[in-house]
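Labels run A, B, C, D, E, F, G, H, I, J, K, L, M and N following the written order; every chain starts at residue 1.
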Amino acid sequence: MNEQTLLSLASIIMAGITVTIGSIAPALAEGRAVVAALDAIARQPEAASSTTRTLFVGMAMVESTAIYCLVVALVLLFANPLI
Amino acid sequence: MNEQTLLSLASIIMAGITVTIGSIAPALAEGRAVVAALDAIARQPEAASSTTRTLFVGMAMVESTAIYCLVVALVLLFANPLI
Amino acid sequence: MNEQTLLSLASIIMAGITVTIGSIAPALAEGRAVVAALDAIARQPEAASSTTRTLFVGMAMVESTAIYCLVVALVLLFANPLI
Amino acid sequence: MNEQTLLSLASIIMAGITVTIGSIAPALAEGRAVVAALDAIARQPEAASSTTRTLFVGMAMVESTAIYCLVVALVLLFANPLI
Amino acid sequence: MNEQTLLSLASIIMAGITVTIGSIAPALAEGRAVVAALDAIARQPEAASSTTRTLFVGMAMVESTAIYCLVVALVLLFANPLI
Amino acid sequence: MNEQTLLSLASIIMAGITVTIGSIAPALAEGRAVVAALDAIARQPEAASSTTRTLFVGMAMVESTAIYCLVVALVLLFANPLI
Amino acid sequence: MNEQTLLSLASIIMAGITVTIGSIAPALAEGRAVVAALDAIARQPEAASSTTRTLFVGMAMVESTAIYCLVVALVLLFANPLI
Amino acid sequence: MNEQTLLSLASIIMAGITVTIGSIAPALAEGRAVVAALDAIARQPEAASSTTRTLFVGMAMVESTAIYCLVVALVLLFANPLI
Amino acid sequence: MNEQTLLSLASIIMAGITVTIGSIAPALAEGRAVVAALDAIARQPEAASSTTRTLFVGMAMVESTAIYCLVVALVLLFANPLI
Amino acid sequence: MNEQTLLSLASIIMAGITVTIGSIAPALAEGRAVVAALDAIARQPEAASSTTRTLFVGMAMVESTAIYCLVVALVLLFANPLI
Amino acid sequence: MNEQTLLSLASIIMAGITVTIGSIAPALAEGRAVVAALDAIARQPEAASSTTRTLFVGMAMVESTAIYCLVVALVLLFANPLI
Amino acid sequence: MNEQTLLSLASIIMAGITVTIGSIAPALAEGRAVVAALDAIARQPEAASSTTRTLFVGMAMVESTAIYCLVVALVLLFANPLI
Amino acid sequence: MNEQTLLSLASIIMAGITVTIGSIAPALAEGRAVVAALDAIARQPEAASSTTRTLFVGMAMVESTAIYCLVVALVLLFANPLI
Amino acid sequence: MNEQTLLSLASIIMAGITVTIGSIAPALAEGRAVVAALDAIARQPEAASSTTRTLFVGMAMVESTAIYCLVVALVLLFANPLI
């Protein structure tokens, strides 16, 4: 096995693992945030606007960690500086 | 084993793992969101419209992480730049 | 072991693992959704229609992640582009 | 070990694992659904018809994921396209 | 080790594992269902008939997943199509 | 190591594992059922007859999964069709 | 290592494992049953007789799974049909 | 390594493991029983006699599983029929 | 495999692992913080400003640990001092 | 490595493991018993004598499992019948 | 592989692991602290100043353990005394 | 590697493991006991003397299991009968 | 690989592991302490001084275990007596 | 690798592991004790003196298990009797 192949192999494996494992925690965290938002709306329907605003800002910040992983995965696949 | 085969092998394995593991957390998170939505409807039936709207927006955002994984899996199977 | 056999072997193994592991989370999530729906009906029998509608839409969305896995498993078995 | 044997071996092992692991989550989910149904009946005996209807529809949907696994296991044993 | 022996060996091992692991989840799920039924009887003794009917139907459905595993185990031991 | 010995070895190991692991879940499930029955008796002593009847029927059904495992273990030790 | 020794070795190891692992779940289940019985006595001292009768019948049934394991262990040590 | 040594080695290792692992569950179960007994005494000091009697009978039954393990361990060390 | 390749290989693998595992805890922690903020808003809508200010300061501090990991990953990929 | 050394090695390792793992469960169980005793004293100071008596008898019985392990460990170190 | 390369390799791997694993616990702990602070503000808005002061001092102390890990990681990468 | 060295090596490793793992459970159990004592004092300050006496007796008994492990570790290091 | 290198390698690896794993528990424990302090302030603002004093003394004692690990890590890197 | 090096290697590794793992449980236990003390102060500020005295005595006893580990680690590094 030559070395170019080895680095490609590692890149394929790490790209899959990175985006896979890296999406577990954000998905769970966003699910909990949605749960809390639905609960908050059920308790105080008149505060729905500030609830959804806080929900979307928070989910965007959580989503950022998933995007870090997606970016590293795509860098490994399409623009790997070490190959 | 030549090197083309090795990369194909790794791609098959990673495609399966990526879509498999990557769908665990979104499924659980969406399940919890549905649970919370059903609970919210049971508590405040008159807020059903804002409840379902928030539910669908939140589930779409959670579903996005599953789709990231599906995209990477399909890229590995059908459009792998390293093979 | 020639290389065609190796790829077939990996495809058989990954097909089984993908559909197996990929059906755990949706089954659990759907079970929880059914639990919540039964609880909601017990608390507010008159909101049964909106409860079941939300339940079915949510379960369809959760089922989609299981179907992603089934699709990848069948692609690996019957229409594998890398063999 | 010739290659036909190897693929048969993998098929036997994966068939067992697929149906085994694939029946864990549906069994647990159905158990929880039955628990919730019994609890709902105890709380509102007069809503027993809609409770059992929702229970059976939900358990059928959960059972579908177990059947996906059984189908893949039987395909591996009796109609394996890769052997 | 000839190949007939190897397949027999795998069949013995998988038969044991399949029926063993495959009976864990149904046993636990049935245990929980019995717990819920006893609790429901303690809370509403007059609804005992519908409680036990729901319990038996539900346990039969849960038991089905254990029987899937037992069937696959017996197929592996007594009617293995790949040997 | 000849092949008869190897199959005997696998049978011994699988018999032990099958009956061992296969008795964990039924024991726990039966323990929970007993706990629930004692709790139900403490709450409604006058419903003790229907409580104990449901308990025994349920424990028999749970015990069946342990007996599946015991049967497979004894088949492996005393009437193994593959040796 | 001749083959008689190998089978003896496996029998020693499996006997220990079987009785060890096989006694975990019954011990825990019986402990919970005792806990529930003590709790029931504390709540309804006048129902002590039916409580202890249900406790002993239930513990006997749970103990049966431990005895299955002990029997298999002793069979492996003293009356192994495969040696 | 001759075969007598190998069997002795396995006996030493299994004796330690058996008594070690086999004492975990009884210790935990007895601890819970003591906790429940202390709680019962705190709630109903006048039922102390039936509480302690049930406690001792239950702990004796739980202790029996630990003694099964100790017996097998001592049999392996001092009266091993396979050496 | 020469040594430059080996270091590149380790850098690729560690970069993926670092950003993947390193984003799990911040995502979960931020999700919990969002949950708490939504709960606080539902309880005291008039304190929304101090709630969101505390939320954003806290999430920034939590996000810092994710950024430590991203920085180390990028250093390993683009500015590795040991290659 | 001669065989005397091998048995000594196994005895040293098993002695450490036995006393180590074997003291985990008793320590936790005794800790819980102490917790329950302190809680019982806080609730009924006038029943302190029967509380402490039950506590000491129960802890002695739990301690017995730790002593089983210590005895086996010391037997392995100082009076090993198989060396 | 010469020895300089081996030490570099170990340094790269340990730097990634150190900063990755070392940021899990601080992130979770800080998330909980933010949760508690938001809860405290929701309960007593007039004590917000002492709440936020305690929060920031506590988070700084927690952050210190993450910085210990970052320092060790940077020492391994940029100022390793053993290379 | 001569045999004296091997036994020394095993003794060093087991001494560390024994005292390390053996101190986990006592520390946790003592921590819980302290928690319970502080809780009991907060509920009944006038029973502080009997609380602290029970606490110290109980902690001494829990500490005994940690000392068993320390004794075995020191025996392995300083007075090993098998070296 | 000469022996100096091997000891250096082990020191690098152990230094990273020690400070990494050793900072998990203190961070979590300090986070819980901050949570409790914030909760205590929210319940009794007038006891803030004794609360914060107890918090800082307790966190210093918890921090000491993290510093033990940091000291051992630095000793291994900069003042290793065995190299 | 000569034998002196091997023993040094084992000592370095065990010293790190011992102090690392050995500080987890004390840190967590002390954290819980601090939590309980803060809770006790919030409930009964006038019993702060006996609370803090019990806290410090208890934490000293818990800290003792961490010091056992530190002592063994330092003995392994600086005064190892087997080197």
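Quick note on the criterion: a residue touches a chain if its C-beta (ideal position, glycine included) is under 8 Å from a C-beta of that chain, and two chains touch if they have at least 3 such contacts.
The shown structure was predicted, so the numbers you read here are calculated from the model rather than taken from an experiment.
Fewest steps needed to get from subunit I to subunit L, stepping only to touching chains, is 4. Traced through touching neighbours, the fewest hops from subunit J to subunit L number 1. Of all residue numbers that take part in the contact between subunit L and subunit N, under half occur on both sides, making this a different-residue interface.
Subunit C and subunit K have Cα centroids separated by 38 Å. Mean C-alpha positions place subunit A and subunit B at a centre distance of 11 Å. Subunit E and subunit N have CA centres that are 47 Å apart. Of all residues in subunit K, those touching 2 or more other chains are 11, 15, 17, 21, 24-26, 28, 30, 32-33, 35, 37, 39, 55, 59, 66, 73, listed in ascending order. In terms of which chains touch, the assembly is arranged as a closed ring, every chain touching its two neighbours and no others.
Ring order of the chains (start subunit J, then subunit L) is J, L, N, M, K, I, A, B, C, D, E, F, G, H. Within the complex formed with subunit K, the subunit M residues making contact are 1-2, 5, 8-9, 11-13, 15-17, 19-21, 23-28, 30-35, 37-39, 41-42, 45, 48, 52, 55, 59, 63, 66, 70, 73, 77-78. Within the complex formed with subunit G, the subunit H residues making contact are 3, 6-7, 10-11, 14-15, 17-18, 21-22, 24-26, 28-30, 32-33, 35-37, 39-40, 43-44, 46-47, 50-51, 54-55, 58-59, 61-62, 64-66, 68-69, 72-73, 75-76, 80-83.
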